Amino acid sequence: QQKPEEKATPTPTPAEAKTPAPEKKVETIYFGAPISLSGKFSKEGQMSLWGMQVAIKWINEKHGGIKVGDKVYKVELKYYDDESKKENVQSLVERLATVDKVKFILAPYSSGLTLAAAPIAEKYGVLMNSHGGASDYIFEQGYYYVVQTLSPASKYQTGFLDMVKKIDPNAKKLAMVYEDTEFSRAVFKAAKEYAEKLGFEVVYEKTYPKGTTDMSPILNELKNYEPEILIGGGHFADGQLLVSQMAELKVNVKAASILVAPTLPQFYEALGVKAEGIFAPAQWEIGVKYSPEVAKQLGIDWYGPTQEEFLEMFKEVSGSDKPPSYHAVEAAAAVLSYAYAIEKAQSLDPKVVREAMNDIEFMCVYGKWKIDPETGKQIGHEMVIIQWQGGKKVIVWPPEAANAEPYYPMPTWEEKEQGKLAQK
Amino acid sequence: MKPIKDVIPNLIFLIILFVIGSSVEGMWQPIALIIFYVALGQAFNIFLGLTGYVDFGYVAFLGLGAYGMALAIQNFAHLGLVSIAIGVVAGAIFAAILSLAVGGVALRLRGAYFAIATIGVNEGFRFFIEGTRLWGGTEGIVLSGFMRKTFGSETTNFLSTYVSDVALFFVAFISALITSIYLRSRIGYALLAMREDEEVAKVMGINVTKYKILAFITSAIFAGIIGSLAWTLKLTYVFPEDVFNIVYTVEAIVIVMLGGAGTLLGPLVGGTFYALLKYYLNVIFPGVQLLILAPILIAVVVLFPEGLVGYLKKKVRGTKLEDFVR
Amino acid sequence: MLETRDLESGYGEMQVLWGVNLKVNKGSITTILGANGVGKTTTLKTIFGIIKPWKGTVTFKREDVTLKKPHEKVEMGIAYVPEGRHLFPLMTVEENLRLGAYTKRAEERFEENLSFVYDLFPILKERRKQRAGTLSGGEQQMLTIARALMSSPELILMDEPSQGLAPKVVMDLFEVIRKLKEGGLTILLVEQNVYASLEIADYVYLMSEGRIFAEGRRDEISEEDIRKAYVGV
Amino acid sequence: MLLRVENLRKSFGGIKAVDGVTFEIEEGEAIGIVGPNGSGKTTLYNLISGIYLPDEGKVIFEGRDITNLPPYERAKLGIARTFQIPRPFGNATVLENVAIGAMFGREKLSVEEAFERAEEYLKLVGIEKLKHKEAKLLTPLEKRLMELARALAMKPKLLLLDEVMAGMNPVDVDRIIELLKKIHREEDIAIVSMVEHLMQAIVKFAERVIVMHQGKILVEGEPEKVLNHPKVIEVYLGKKVI
Amino acid sequence: MALVENLISNLIYGLLLGTIYGISTMGLSIIFGVLRIVNVGHGAFVMIGAFTVYWLFVLYGVIPPAALFFALLFGMIIGFAIFYSGIKRLVDAPELATLLATFGYGLLIEELAKFFWGPEFYGYSWDVGSINLGITLIPYPKLLAALLSVFLAFSVYTFIRKTKFGMAIRAVVEDREGALACGINVNRIYALSFALGIALTMMGGVLVATYTPVGINVYMGGGYTLKAFVIAVLGGLASPIGSFYAGILFGLFENGSYTLLGLIPGIEPFAMTRFIAFVFLLIILLVRPTGLLRGEEL
């Protein structure tokens, strides 16, 4: 449960509180965030709040604050609930920029809300780091202060297609069934182009409107096209529904990659064995092989908690056993990127920090972080592909991040009914 | 001029809001939030207050207004800022056309039937845009970059973070003024009669449909203007899912009911109350604010079923204050 | 059987009744006469409990029923024939009658009461499958009375039952009221049809401005007082 | 000739409420319409005022066919009415009710003029002291009087009254009859047609009486003659009244 | 002919789905019919019903349809609580005030649910096989949900039409003062009808979650509110059984039109089915402004 008092700063560790280093003054720097704790994005909002809190905890307690010159800054998070609504986002971002004097803002969830916040951030010259607005076009509008931490929508399904091509070069017939929203459209437009480039033939492409509760018309029709591979989905609810009805109507494919929904444990809880073998793109997943060692090999800095540390702190912060979803880690990475960039720039001036961001490249639990100086778009980070195997979510792509082999083709629905798992 | 006198309290109230927004640091966007709700409420109240009909599909007019502005900017940006004026007019015209079409059909229905049938119009329209991929379909129209290129970053920022809000002050005031003019004229009495008993009104010589449509179109036009300003100009993008979101109709109802339907000050008080309550609850209790808001709303409506201004209006009836609470 | 003492009541802040004292004897017809708007309907509504009394008491069969709800009073044996019918227009005649027998008290004697009212108003029996809303005005009025009778009342409060009825029907109606009394029912009647109601009344109250200003047996009441009741004092 | 209805018919489901009615009203007449309950009087009014459209037949007003005209246009031509079950604009004041009548009636008055006229007519029917009361708070009878004032304020040429005197005590009945006669004489209201079950009122007021029965006209003519007609006594009066 | 087969399977699914639309709308009609209250918070109760299924199944292994009894019980309790805590005072208030109140209650319930259950998207699997019709497959839970909907709808119909209590409800609707005169405790009828409406809505939610066992979330109600509004009007707003029929019609129309719309190039047929369904609604209302069953009767 989210409790209001969690807003308070993580109390400084006793050691720090008692013996402040004499030569270094400890001051506070505020990061601000409008977060969707109510409304349609509250699921993502809650996760990102926890993620931010973990990152801040790490900065304050493990890292000893952000060091700029001879000063040490503790980070404190100012956040408000935007209820997933644009009016609130705008007034709250302004409050953060003026009343709270925040210079570093973590963008709200979703492309729409990020776009709503952008003019205000731009007006007050505060930085805004997008950790939940995937659409590429946000970064094509010429905003200077807006940067991106997560991989853009155009990247979501490309990894999966690469993977299929590699495992089964003969697979050709591809079906696309996805939610008609701007996010999914951005994903699948790019995916389609990419698929055709790889030599897939798109035999079926249909969308369903948001809020659909019965996909049988599409699936009944799809069956006739006998696709081998399916990519689709959009969000949580429809992703669950799509797979559940594919099972009911016995629409068998060799592999299916569904957006968002399968990355959550609730997906398997809801579908059980039916979830076996389903793929999904993820910005991050427990078990990714990002570590200080990997960073060293690549010759870039590691910044932030290791994966173990992160998971442990996440448990503390959230007060529950829920594992973090990628939304949490994205948000954490956005916070870390601020801290890292501030230290690099040795300045708290958003403009200077923004300049510095153009040049930095580092790795954290979330992976690599690097933006395109031109647009602010994320280009360093790579997505992973997860798959449900034997009740576990494993990472199967890209090979350098994978902790398991992809299971292909996925068992048929009939086989799954008999209890067959996607496990060797 | 009685109608003008009646809205003087509104004017004073709005000026106070404006002054606070301009002078207190960090208050501009909260005031913009208030003025958005106030303008929405005032515009909605033209129709609801005068006819007693609730238009659940009201947001469709906002949505169309938003598209009107978006298309104007897309097509007339070479005319410079004139395109913004064209956008406001286009928003108004789009909304007026739709309201004429909808009104012609739906205004034959009564009470709750009308209210709900209009949801169908709104949803239907949205699905039409999504289904035919008209105006970008679900991908909508994103204008920030284009506007920044054409008008310059400074100007665009100024337009979307200041001009759009200031314009809403005018919308809020003018819609109250029009309500007031209507109320004091034959239109107001015709609709009063209609509200009470449509059949009797007809027998008494009132062309009910004419007056209903008049109020409907007026209200829709203001909605179109609000849509063009508060959506497209302020946010610089239009997504059908957002602009046709019924939440804004529900909020309009909430605001008007909090203040008092058919009163001139009601939307102002209701909108301010609602926006401030929400804003500060968001700030102080992020995450649980709606849990606190809900009982407050219920309590207000149970205590003041006729709204805050409605209640006050009754209280001051026959006293000197009567002229100031309308 | 029924007695009110110093009954006061009204609507909102406006007081209408200013101390009404009435006594209705078992097995009699008592009528209240008075100009329009003096509070006759209000008196009946207050007795029946649709309006809460502000002051004073109502006793029925020696029990204080001042604060009892209408449905409790029906259960005790009071029936009310409201001004303006108040039937259930979309239901059939028989369904209306069935609802008249809604209380426990009445349910037991449903069959018996049904044949009684059908005997009293044979036309209703003919129309028993017809919707009440499509009956003519007179038939509707009969149905209203019949419905009240279905509750097995001991006391029946009638508010202007003859209003809007054709003269012939009015005659029949008063005949029915007389028959009901003969059957042992107690009746409290409010009427504008002065002469017809005086003819059947045992006891008369004259009302003006929320008070009773004269009362007496039919033969004790002077023409003078009656005129006064209408011109208003 | 002011009004002519020709072979008017209207049925609801199986019920023939008005079943082939033809009659004329000359300018300057005072008409009484009587008949048993359910004989179609109110329905006839509804057809004339345009609340219902007839299944068959014609309504002609001042030589113009108005059968299919919407009610508000008929009102503008000069047809006004009251309702058997009063239908005031409940949340408006009594004065506003009447003013609305004046505003949209035969003469197009401005708001101010309408309120002035409303005051006048409230005084005329004798309820001016109720003028600031919300109409829903009136007794049924007060509502009827208000409706009368509201209809009069429309300055109609044809005024259709539907049991305005029901539930009225004998003293007030006389007063209203006098009032109607006076208006009938003095104002340019040509016709008052009155539906009433109170014979005392009909006899005092009407110059001609129409008796309806089962949707048809049973007899029409001078009051004395009609009310002594044996058929009328049989189906309507029950016994001789005059 | 794939096309014809497709059309038939879509119609079959439309029929099943339609019963679910219908049953999840009836509660709205009852509350409107008796109290003239448009329950803007309708969807919140559908959501609670859906969660009832989920928790009972996940925690205690209760099979989904059995949750109907619990929903009835909880629904009555919640309904009474809401009625006595606020709605009661608004029965005589301006009609619009109740819109605000029911909005408030809907919001309260959603936020309470979120407080306890979080913003998660839940689901469960009750795999008991399916019937193979050759052209398509129908899982037993969906079939069961549809059959139970029909059963429940007709129980409600019978209850209102044939029982004494149902008659009392209709009496209150038709004439309140008349009902008082008959010795009916009008306030209790209001309370009971409201509670019944809420309970029925929750039972509708149970069947929704039996039919669609995934995507259960505290904010899932919004879509159902919209749809229920539209279906209720189509059926005649105040007529519960009308709503049920209208639900079926709506389901058939939505799903049935998919195949045909798919033949038109350049459009998104699924979104267009929604558009067409709303156009259909407007056409019906033009012809019958008070809905299919005229909407004057309960």
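Letters are used for the chains, namely A, B, C, D and E, taken in the order the chains are written, and counting of residues starts over at 1 for each.
Please note the rule applied: contacts are C-beta pairs under 8 Å (C-beta built on N, C-alpha and C of every residue); 3 or more make two chains touch, one makes a residue touch a chain.
It should be emphasised that the depicted structure is a prediction, and the values quoted were computed from it without experimental measurement.
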{"item": "Partner chains that chain B and chain C have in common", "value": "D, E"}
{"item": "Per Cα centroids, the chain farthest from chain C", "value": "A"}
{"item": "Where chain A and chain C are represented by their mean Cα positions, the distance between them in whole Å", "value": "76"}
{"item": "Between chain B and chain A, distance of the C-alpha-averaged centres to the nearest whole Å", "value": "36"}
{"item": "Chain D-chain E separation of Cα centroids, rounded to whole Å", "value": "47"}
{"item": "Multi-partner residues of chain E (at least 2 other chains)", "value": "111, 115, 268-271, 274"}
{"item": "Residues of chain A whose C-beta touches two or more other chains", "value": "38, 180, 209"}
{"item": "Where chain C touches two or more other chains at once, by residue number", "value": "none"}
{"item": "Those chain pairs that satisfy the touch definition", "value": "A-B, A-E, B-D, B-E, C-D, C-E"}
{"item": "Interface residues, chain D side, partner chain B - complex", "value": "49-51, 70-73, 75-76, 80-81, 83, 87-92, 96, 99-101, 103-106, 110-111, 114, 150, 154"}
{"item": "Of chain A, residues touching chain E in the complex", "value": "1, 38-40, 42-43, 45-46, 180, 206-209, 211-214, 216-218, 220-221, 224, 236-238, 240-241, 244, 248-250, 261, 264, 266, 269-274, 417"}
{"item": "Touch list for chain E against partner chain B, complex", "value": "32, 36, 38, 40, 85-86, 89-90, 93-97, 99-101, 103-105, 107-108, 110-112, 115, 226, 229-230, 232-233, 237, 266-272, 274-275, 278-279, 281-282, 285-286, 289-291, 295"}
{"item": "In the complex with chain C, residue positions of chain E that touch it", "value": "164, 167-168, 170-171, 174-175, 177-186, 296-297"}
{"item": "In the complex with chain D, residue positions of chain C that touch it", "value": "11, 35-37, 41, 83-84, 134-140, 160, 163-172, 192, 194, 230-231"}
